[in-house]
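One chain, chain A, appears in both complexes that follow, with chain B as partner in the first and chain C in the second.
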Partner chain A sequence: MEIIVFLILLSLGYFVGQSIEKSHYKNIIVREAELLHIPVTTDKKTQFDGAGTQGRLFVGNVVISGDYFKLVGSSLRSLVGGQITFYETLADRARREAILRMKAQANNWGAEKVVGLRLETSSVGGKGPSGESKLVSVEVVAYGTGIKQP
Partner chain B sequence: MILTNIESVPGHRVVEHYGLVQGSTVRAKHVGKDILASFKNLVGGELASYTELLNESRAVAEKRMVEQAQATGANAVINIRFSTSSISQGAAELFAYGTAVKVEKIPWK
Partner chain C sequence: MKEKFTPKKIPEGINRTHESQVKDLAALAIFFGIMLLLALLLAFLLIFAINSKLKNFINYQEEVALGARYGHYLGGSKGNRDKNLETFITHLWNGMQDDSKYRDLDFQVRVVAEDYSNAFTLPGGIFLVTHKFLEESSSENELAFVLCHELGHFYHRHTFSNITQQLFIGISSWALNMEIKIEKLFQLIGLKFQRDHEIQSDGYALRCVNNNYGHVAGSKDFFRKIGKLKNSKLSKLTSFFSTHPPSMKRLEFLKKQSNKYGYNFVGEKIPLVVHELKQKYAVP
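Moving on to the complex of A and B:
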């Protein structure tokens, strides 16, 4: 009985999880292309001191959850060590999504670029439905200063 | 109040410096949302309720920082940084800090 539940959860995690990931990546790529006209840099130099220049802080965040397949796969992987691709894509999606949300806000305000980008990743722990396994979800916050020049 | 996370305020000159200001908040997750999230955890995807919760909490931390800056007489906070730490299972501290300054507009030549 338990093995059946396990297999159902595993295949649910695999098929639904993969399709969510795929459509999310598609969505990210489209939106990244739309916001390509706003360059984002990490520099923090004080070079925007011309009269009339405006700057404002923009913050974007997202919490993305892993799925059951990723959880099982990564716990197997941690037995032998090495690269966990399941979580690499998870962190990558979260980071790109957070940056996009920040850029979208800056775009609405009329920014022509965003400088001083900072990214922060933290893990939001949770428990499974039966309370035993620790499931992984990751929060990424991206923030930067939008610059508008006259 | 102008907020930036770079070392200056674009188009402005820093004329006075009031030192570090900070704001923080500790938030716990809603139990109902937590249960929902644990089901979402099986299939993956965005946990919109958590995104919203953390976003709101961060805004509260930012607001507290701004209030502190206003009390010193500053009109801008520069070099803002955010930090998140998990205090316990189900609670997170969100922290915002920056430097309170007084700025003035650079005049047109």
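Moving on to the complex of A and C:
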């Protein structure tokens, strides 16, 4: 019985997870194209073009969860080492989504560019109250300074 | 000169591997599956080797001595010891031993207050007989057959095999419990061995009864009783899940053995008087 439940969860995790991932990527690509006109750099300082240039902090934050398929795959992989390819897409999606959210706010404000971009990540969950493995969720925070000319 | 910013799309998929995740998982699963099977095979070979060596290291005398010392850890303190039955079982055992070194072992026979008819063998020459079985035994010959059957388990060291088998099941289920429980499968395989042990002990019991009485009358009585009780029409599935072969199969085996070795099922059955057994069979 347990093996059946395991296989159902694994298939569900894979098919539903893949479908969500695909649609998220599609959405990310469209929004990235829409906000492509705003350059984002990691420069600490920027050249202010004259008096009246305004700057403002923007923060984009996202938490994305893995699925059961990724959990099983990464658990097996972590026993022998190597690249955990199962979580690569998760980290990629989270990073791009966080930057997009930050850029969207900057765009609404009228920013011409975003400088001093920083990214921070943390994992949410991972272990249950009694130490059992739970689905890993990744949190990414993207923040930077939006610059607007008068 | 100020450079004009030209928006440029970042190439897609540069931060992720494009290999199929299913392929990756399948490769990992196959790798771990093979490793697990190898580990289990190694555990099985190790346990099997220990089991076969254990018989050489611990002889019958030593096993009985160990039973007297540590038997209570394995349930050997249940019920009360019965000196009459102990004298009787020693007499039956002696009748099968050519080597005087292994005669007169200090077996323990304990009568347990259970309302079903059965007998069991524990490691260390400890035998449990239910009160109900003694009540229902119609003759000394019937009792002799059942006790000889239990002696057969002792003689063939089936208890050792059971312990190592249980050890293997324990290790396997612990190892496989990480994600999948297949303990039951191993138990089913174990049941096949147990059924083979029963048949082997039946053969020993028949020889033992014949050695002691000159015939094997009364040997079928116990199976007839439990056969009636269970109706003996067990389905193949039920018998597959059973620790003991069906009574009919065992009766057929007894018949075959008797034909092969010329045992006679016709003979005088001695009425059973348990409290007289000690006096009757005491070693002078």
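As a working rule, the second predicted complex is superposed on the first by the 141 of 150 C-alpha atoms of A that agree within 3 Å, B and C clash if a C-alpha of one lies under 4 Å from a C-alpha of the other, contacts with A are read in each partner's own complex, and residues count from 1 in each chain.
One rule holds for everything that comes next: contacts are C-beta pairs under 8 Å (C-beta built on N, C-alpha and C of every residue); 3 or more make two chains touch, one makes a residue touch a chain.
All values derive from a computational prediction rather than experimental measurement.
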item: Which partner reaches more residues of chain A (counting touched residues only), chain B or chain C; value: B
item: Partner chain(s) touched by A:72 [first = chain B, second = chain C, both, neither]; value: second
item: First (chain B), second (chain C), both or neither touched by A:81; value: neither
item: First (chain B), second (chain C), both or neither touched by A:116; value: first
item: Partner chain(s) touched by A:51 [first = chain B, second = chain C, both, neither]; value: first
item: Which of chain B and chain C A:64 touches, first, second, both or neither; value: first
item: Set of chain A residues, in rising order, touched by both chain B and chain C; value: 70
item: Contact footprint of chain B on chain A as seen in their complex; value: 9, 12-13, 16-17, 20-21, 24, 44-46, 48-57, 59, 61-68, 70, 90, 97, 115-116, 118, 120, 122-129, 135, 137, 139, 141, 143-145, 147-148
item: Touching residues (chain side chain C, partner chain A) in the complex; value: 5, 7-10, 12, 15-17, 19, 21-22, 24-25, 28-29, 31-32, 179-181
item: Residue ranges of chain A touching chain C (in the complex, touch as defined); value: 2-3, 6, 14, 29, 32-33, 36-37, 39, 69-70, 72-73, 76-77, 79-80, 83, 85-86, 88-89, 91-92, 95, 113
item: Chain B residues touching chain A - in the complex, by the definition given at the top; value: 2-13, 34-35, 37-48, 50-51, 54-55, 58, 79-86, 89-90, 92, 105-109
